[in-house]
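Each of the next two complexes has chain A plus one more chain, namely chain B in the first and chain C in the second.
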Partner chain A sequence: MRHQVSLRIGPVGFRVGSAWRAPVAALAALYAGYPAPEDGIADFTVRLEPTRPWRRWTRPSIAIRGDFELPDAAPMALAHGLLAAEMGMNLQMALGQRFWLLLHAATVEKDGRALILTGESGAGKSTLAALLGERGWRLMGDEFALLDPASGRLHAFPRAISLKNGAIDVMAAEVDAARFGPLLEGTPKGAIRHLRPNAEAIRRMDEPARPALLLFPRFGQAAAARAVGQAETFMRLTQASTNYVALGRAGFDALTRLVATPAAAIDYPDTATALDLVEALWTGASEWRAAA
Partner chain B sequence: MAAPRYIAEPAETLAVARLDGLCALFHEPSGATHIVAPPAPEILDALREGAADAATLLERLAARFEVEDEAGADAIAARLAELEAAGLVRRA
Partner chain C sequence: MSALRLLVRALRDPESLGAPDWQALITAARAEQLLGSLAFRLESRRVPARVAQILAAARRDADHRRTRALWEAEMARRALAPLGIPVILLKGTAFHAANLEAARGRSVGDLDILVPRESIAAAEEALIGAGWERVKPADGYDDLYYRRWMHELPPLIHRERDRMIDVHHTILPPTARPTPDAAALVADSVALASGLRVLCPADMVIHAAAHLFADGDLAGGLRNLWDIDRLLRQFDSPGFRAVLAERAGRHQLRGAVAHALRLAARLYGSPVDPNLAGRWRPSDRLFEARLLARNGWGQARRPLLRFAFYVRSHWLRMPPLMLARHLWVKATR
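Moving on to the complex of A and B:
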């Protein structure tokens, strides 16, 4: 490819190539401070190519290509090139990852223990994880949690946080503007702006953590929390995993082990309430562990 | 017509995990995961003593557990049909 960048996010190396300079330059700026892949070898390759050769110049339109592809993925505008690169990286993980059990979840860590937030898109897990990551927790990732089937530990995958619409202003009030990527307006999900995790999240991205609490947040309801049983947790997590079926027995063993972690569903009307609920449940889970 | 007799898939092809009151089963040959409620796991265990129809199975279960009065052979036959549809038991 004419332009390319290689970087490592947690244990996974990526090489992103592009027919245009802009998406690669934006990606390199957003991921400033990230290491190169181990031994220079990327696990996954993403290519951003013109949908037709001449469309590199005239009304450029990006097709996301790579080791793994969705045949019917819609092309994207060059103005959203950074988003295309991010989506391409997600796609390689979701379709190609065969080592880690992948959970569509945000993860933060404290004292070597991990809090896992998982739920439907729009449940607010990215925003909550981003805020927790600035308030005494280490951000491990806002998109995918990597569960090691052998050890049962979670590994960090601290990609840039994908903030949407109202969450952009919430985080702009919280962190240095230099950590933000460009504002991408008019995407299929509205306005999107990427936020680089803080220096601690990047520096400690090779430190795994033991799962300690699973939360299923839901935005837009009066504050409430209820314990979730193991069978329901198991079913929710099979739905939250992109590669549970592909992993076979290893995936089953990893998930049935993970559901021994205390779990709760939380409803919240605003982020301040959610953060209070999270801290209270975390304290409760710590006391429960101490008593057990 | 005689009642159908069933045998269970071999124990080594199934991974079993208790999840509170329910049970998750992973069937290696199909790669499918099933969540089942009692008495499905107990039926699978009891069937491993040998092929049985619903009435025989009920006797085996009654010898091991306190079987409630309404859990007759018809109920066991219905559970067996479900397990057959899931590919966890088959006709002997």
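Moving on to the complex of A and C:
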């Protein structure tokens, strides 16, 4: 293709080709400092193509294509080309990943142990993980957690954090402006701005971690926490995984092992409360582990 | 070397690969739905670590698809068993159920079955009773079109498992010029231990050839042709060649079968009966070019050639006046 960029996020290599220069340039800038795919071979290919040949020039319109595609995906404006590339990469993972057990979850790490945050869209896991990643934790990923079915360890997938609407200002107050991508206004999800994980998250992205605590956050309620049993955790995680069924026995075994991790559901009214809850539960889990 | 030539070579002779453009090979194989087949072909060959992991994932995926396809066939068997009619699995599911070489890594999408024409209404009713639902509105043009002019029911989809089933009563639309002997397809089918049936090997080859050269527009043709290659290699013998020639004639599909044999021999080096295949023709080059029209990014190439084959597929499927009406309805809705 005319323009292209290849990069590796954790253990997964991507190759993104585009009919236009801008989306690829924006992607390369956002992912500055990321390595190339191992052996130069990407797991997945994404293509940003004109929806019709003439739509390269007249009213440019991007079709997100690649190894795995959604037949009825809505075309994107060229101004949102970076978002199109990100969506294309996400789509490959969601539809095509068959090596790692994929959990729709944010993950942060401390002392080789991983805290997994999973919940419905809008639960605030991206923002929480982004904040934790700036406050003494290593960000492993804000969107997908990769569980190795063979070892039971989590692998980092620290792609750019996709901040929406209010979360953009929260993080702008916290980190260096140079780590932000362009502000994308008027997307189907409102305003979106991508944030590159910090240097430590990128430098250490090949270090896996043991799952130590699973949290199911929910925004908008009074502060509360309750322990979640293994059966409920299992059911919640099957729903959070895009490829649990496709991995067959390996997926079942991996998830059965993962539910032995302590788990809790937390409600929170604001971000500060959530961060306190997380730290308290983390300390509790560490003490529980020490006692056991 | 173009990406699909590379893919053909990798499938045909994995040892000859040397140090290929792995990225192009993997992408092209995925786009042609042949990555699973390729992964099994390369299983014992030394490949770069990244490639090994991608191929291992592809084999795992193929295993899962196999399980799912066989389960879907079993679900259909249970739904149709009370009718006491022969239920014949077609295409990928048949290869898996009969444990043929063609099944190794073969992806399967929908479940395709064939039942005797006089039982097709009862089969549809039984499937609907067991949880399958109509995809197309029951009184729309598409539904009517299928029922009047096609060799299969309008597709049904299972409400809980979200899997599609195509129920056929023959292997070509009645409007196409050749008329396969549907009764012979059923009569000479082979029973499996489950009670389900598959076409006899010669009819499997003929069905694949009919699908490729007398019906479709060659989309996904490399995989179809790979099926044909695997079948020819597994069953080749003087006896098989004689049966294939005889049955190709009986189903009025000698032309399509000859075409398939020539291209399978050309691309995959399949063992073929030269008397049935005939000589390589200048026009075969167009078919070869169409089959190979994709690049290492997985992009479709040669739009005009593709369009020509699309038009050809409709031309084969129906007489001119009917074609005009059909395209008119599709264009104006």
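Rule of thumb we're sticking to: the second predicted complex is superposed on the first by the 292 of 292 C-alpha atoms of A that agree within 3 Å, B and C clash if a C-alpha of one lies under 4 Å from a C-alpha of the other, contacts with A are read in each partner's own complex, and residues count from 1 in each chain.
Everything below uses one rule, namely that contacts are C-beta pairs under 8 Å (C-beta built on N, C-alpha and C of every residue); 3 or more make two chains touch, one makes a residue touch a chain.
Nothing here was measured: the structure is a model prediction, and the numbers come from that model.
J.: Counting only touches as set out at the top, which of chain B and chain C does A:Gly248 meet: first, second, both, neither?
T.: Touch partners of A:Gly248: chain B and chain C.
J.: Scan A:Thr238 for contacts with chain B and chain C and give back first, second, both or neither.
T.: Touch status of A:Thr238: first partner only.
J.: Is A:Gln230 in contact with chain B, with chain C, with both, or with neither (first, second, both, neither)?
T.: first
J.: Have a look at where A:Val259 lands relative to chain B and chain C in the superposition and call it first, second, both or neither.
T.: Only chain B; A:Val259 stays clear of chain C.
J.: Is A:Gly17 in contact with chain B, with chain C, with both, or with neither (first, second, both, neither)?
T.: A:Gly17: touches chain C, not chain B.
J.: Is A:Glu279 touching the first partner chain B, the second partner chain C, both, or neither of them?
T.: Neither partner.
J.: Which partner reaches more residues of chain A, chain B or chain C?
T.: Tallying touched residues of chain A, the top partner is C.
J.: Intersection of chain A residues contacting chain B with those contacting chain C?
T.: Touching chain B and chain C on chain A: residues 245, 248.
J.: For chain C, which residues count as touching chain A in their complex?
T.: Contact set of chain C toward chain A: 22-23, 26-27, 30-31, 48-51, 53-54, 56-58, 60-61, 63-64, 67, 297-299.
J.: Taking the touch rule as given, give the residues of chain A at its contact with chain C in the complex, in rising order.
T.: Contacts found on chain A: 1, 13, 15, 17, 37-43, 45, 47, 49, 65-67, 97-99, 245-248, 250.
J.: For chain B, which residues count as touching chain A in their complex?
T.: It comes out as residues 15, 17, 19-22, 24, 26, 28, 31, 33, 35.
J.: Okay, in this complex, where on chain A does chain B touch?
T.: 229-231, 233-235, 238, 244-245, 248-249, 252-253, 256, 259
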